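Two complexes, one shared chain (subunit A), two partners (subunit B, subunit C).
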Partner chain A sequence: MEKAVRKERRVFMTGNEVVAWAALAAGAVHMFGYPITPQNEIMHYWRRLAPEYGRGFLQTEDELSAGFTAIGAIIAGKAAFSATAGPGTILFQEPLSMAEMMRLPLVLVVQQRGGPSTATVIYSQQEVTLACFGGNGEGMRLVYSTASHQELYDYTIKAFHHAWSYRFPTLVLGDGYQAKMREALIIYDPAERGWEAIPAEPILGPERIQGGGRPLLHLRNAFSVEEELAEVLREHLDDFARAAPELVEYEFTGEPGAEILVAAHGIVGRAARAAVEELRAEGRPVNFFRAITLRPFPEEALLEALRISGGAMLVVESAVGQFGRMARLAVAGEPLRSFKTLYRPGVGIAAEEIKEAVLA
Partner chain B sequence: MRHWKVVAAGEGGQGVQAMAETLALAAYRAGLNALYIPNFGIEQRGGVSLALVQVSERAIGAPKFRTASLVVALSPRSLERTAGYLGPETVILYDSSLVDAPRISDRVVGLQSYDTIAPEAFAERISYHDQRMPVRAAGRGMVALPASDLARQRLHPRVFNMIILGAVVSLTGVVELGAVKGALEEKLNRRFRQDPQLKEHNFQALELGYARIKETMAV
Partner chain C sequence: MSELSMPRCWNRETKPHSFCPGCGHGLVLKALGMAVDELELAEQVTFACDIGCSLLAWNFFNFPSLQTHHGRTIPVMVGLKKADSKRVAVAYMGDGGGYSIGLQHLVSTAVRDDPVTVILVNNTVYAMTGGQMAPTTLPGQKTETTPFGRDEAETGFPLKGPELLAGVVHPEAYLARGTVAQVLRLKKTIQKGLETQRKGHFAFIEALSTCPTNWRTNAAATWSFLEREMSDYYQTAEIPH
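For the complex of A and B:
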């Protein structure tokens, strides 16, 4: 398979283009997709670039099919992925649930749009709950919430590696702004940053046949006995909990004695960071926390950040408490001096608004 | 250098997105941090097209912002659409062949111009009947440029947006005009090779807009 990115270089492109390049650079071999704004250009770029690098693309009849065809390829040992948004993310819950149950490394890029239903094609952070807990299960997924094109590139590459290493479905959670905006980033050959080939291998197939060399695998998503299911889930949940400390990622800046902690994720994290920097420049001690993994959630890090910040927190997101609930739960039991929220469902948040909310 | 926050708005087809994208690309090429985001709601299929560009030496935060340092309004509706981005420091560049300057006439305040926020009832829509609309904005600096007229009379209607872009470069000084030409060449490479006159017109338009603003500012 030909390398898509050999030399490190600075580029200026849209986030959708970034995702296509990242998937190529990571060594993904196939995309299955169904169009929906604002992720369409991931498909467009991938479809245009894939043949040049010996990769494949199939447009399916809907998102359910995109998810299940990707699962088929994955079972055959191919690093396959898809991308979607909004109502597409809802349809994706069924393949995602199957991937959770069968521990299949399905990679999905979500560019959040307004909801519920068709709502807007533009932007939101309203797909957090869907991304983290959308299935009829326990949310055993890795979810990366990116805040810049550099992160879109870095975490899309990471998503493939971690999906195949830990065998949980993995989502890169972007949004319509990230999808459509243009900014600079460095693209690179992942091998030069220590990422070898994606550890993809056939999950079922001839080598699994008795005497084929690898242990037999009983891959199931249906159980007839309650206890049997519980036993399998226990294992999966233990695996997830064990992996969590290795997987959680976040950004924190701050010092003891701050008046408040501003917590956000994704692109809103950028506005929050800018607001915090401006406030500090004006002499206000304000701390900043941005969750990068939403599953597993950086619970301990947030709790520690809150303690450093004297128990006062402002949660900011372009949704009504989808991130806020996870943040609140992470610090449950901790005495809070104040818990403020700036919730703007489906609407972008500017640094100015966050400053006002801190000062209010 | 200040952190420039630019909102450009125009009718679909006026080339607002191309203009904004070229500005951002030029700034990126010049080694600055640049972020461009189109407003891509349903209006992309007709109506006002809106683009946001930020240029800074420092890292850029959120793609959207509340108050612009420069608003570029290319049609009367665009001006209305961008009203929310105006602050006391906002400079407004508008196409004076399509948009009228504000004039507020009433017995109490007399005949005034730009600097006062006109209660809507006070604003006299002086040219309502010929589809021109007064600016009702509160920006401190108003810069008029008859870009569409200039494009039509001197060059080609298609390069109207490049006259505006030349003016933006002149007003902000974020990049050299040469960087914008370079960005344009990068973007339109193939089309420029097919049609050398297109390149010439585009570059002339940039220079024209640039020079017009320099002259205006010198007065």
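For the complex of A and C:
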């Protein structure tokens, strides 16, 4: 398989193009896709570039098929992925739930669009709950929320590595603005940043030796009794909890004694960062927190950030509390001086609005 | 069952199997086992079963096997085959999985001529869930959701899968319907289906089967329903296309 990116270079691309290049650079082997706006160009670029680098593509009959064909390729030991949005993310919950139960490293890029239903093809942060907890289980997924094209590139690469290393399905959240907007970034060969090949191997087969030296020949999702399931889930939940401290990522800027903490994720985090920088320049001691992993959630870091921000928090998101609920829950045991929200479902949020909300 | 009558590729640790007495799944899986043994394909086969009664086959064989979701077995095997073309991919499911919730996958896979072998067990009911009407329930047949008999004016006529696919498949694809009443013939049909996949084409075999538990039939009535009513409606043959 030929390397797609050999030399580090500065490029100016749309977010969708970035994702295609990141998946190629990471060493993903197959994409299985179904058209839905605003993620289509991920498929378009992948489809055109894939033959050049010995990679495969299949346009499936729907998102269910895209998810399950990717699962089939993963079981055969190949790094496979898909991309979707909106109602497609709903359909993807079915393959994602199978991937959670079987610990399959399914990678899915979600370019969030407005919801519910078909709503807009443009933008939102309304797919957070679905991305984190959309399955009929406990949300055992890794979910990255990206704030720039550089992060789309970096975290798409990371998603493949961590999915295969930790064996949890992994989602990279972007949005329609990021998907369609051009921005400068550096693309690079992941090997030069310490990422070796994706640790992909066949999931099922005589070469996979399990406990007792037996080959792993049989995989199932259905169990006969509650206790049997509980035992399997306990193991998965323990693995998730153990991995969480290694996986959580966030951005924090601030100092003790601040009057408030502004918390956000994704590109709203950029607006929040800009607002905080302006406020600080104006002499207002305001702190800034951006969650990068939404699953596992950076609970302790947020709690610590809140503590040094005087127990006051403003949560900002382009949804009505999908991120806010997770943030509030993370600090549930902490006495709060104030908890303010700026929720704009399916609508972008500018730094000025955030400044106003802080000062209100 | 004697040593001699058990296919070599069967997983003996899981026998006797857990299908109901009189269920036809064991016979379909025996035909598949014999076909794989005779073609010496046990090293190459990856087997996936649906949910519903077919899930009970998840550890039936010695080859790599997995259980998927309702109707999603075909795409899993299509993806597996795309990733590793040396494998022989067998997708095993019931009529609800293949003809109802997963029909889009069956038709699309047939259209693309994906080289996988699909074996679909037609027992005219959703069996694991307690005997509801399936796409294959015969006119007048009583099920939990057609307690007065299937009314074709309301629910349409039973779906004939291989005939449906005949309109869309590649000329080199293989379509057939067999029956557990003729296991050796069913085995030959499955062999052709496996060979078709190895030549790079799509193969689909429907197997007429029995469900005395949900039909609420004794042995004689079970066999009679299979051999008369079902075989009258569903032609057991290779389906020209």
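Quick note on the criterion: the second predicted complex is superposed on the first by the 349 of 360 C-alpha atoms of A that agree within 3 Å, B and C clash if a C-alpha of one lies under 4 Å from a C-alpha of the other, contacts with A are read in each partner's own complex, and residues count from 1 in each chain.
Assume a contact is a pair of C-beta atoms (placed from the backbone, for glycine too) under 8 Å apart; a residue touches a chain by one contact, two chains touch by 3 or more.
These figures come from a predicted structure and were not determined experimentally.
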Fit-or-clash call for subunit B and subunit C when the two complexes are aligned on subunit A: fit
Given the touch rule stated above, what does A:L108 touch, subunit B (first), subunit C (second), both, or neither? neither
Write the angle, vertex at the C-alpha centre of subunit A, between the C-alpha centres of subunit B and subunit C, to the nearest 10 degrees. 120
Check the residue A:V316 against both partner chains and state whether it touches subunit B (first), subunit C (second), both, or neither. neither
Examine A:V29 and indicate which partner it touches, taking first as subunit B and second as subunit C; both and neither are also allowed. second
Under the stated touch criterion, which partner chain does A:V19 make contact with: subunit B (first), subunit C (second), both, or neither? neither
Subunit A residues touched by each partner, larger count belonging to subunit B or subunit C: C
In the overlaid three-chain picture, which partner chain does A:A184 touch, first (subunit B) or second (subunit C), both, or neither? first
With the two structures laid over each other on chain A, which partner does A:I122 touch: subunit B (first), subunit C (second), both, or neither? first
Classify the contacts of A:A99 with the two partner chains as first (subunit B alone), second (subunit C alone), both, or neither. neither
For A:G72, select first, second, both or neither according to whether it touches subunit B, subunit C, the two together, or no partner. second
Could you grab the smallest C-alpha gap between subunit B and subunit C in the overlay, to the nearest Å? 29
Which residues would you name on subunit A as touching subunit B in one complex and subunit C in the other? none
Residues of subunit C touching subunit A in their complex? 11, 46, 48, 51, 55, 58-59, 62-69, 72, 75-84, 87, 104-105, 107-108
Subunit B-touching residues of subunit A, taken from the complex the two chains share: 12, 37-38, 120-122, 176-177, 180-184, 267-268, 270-271, 273-275, 348-353
Can you list the subunit B residues touching subunit A in their complex? 21, 24-25, 28-29, 33-42, 60-67
For the complex, which residues does subunit A have touching subunit C? 29-30, 32, 56, 58, 60-62, 64-65, 67-78, 80, 94-95, 98, 102, 202, 204-206, 217-222
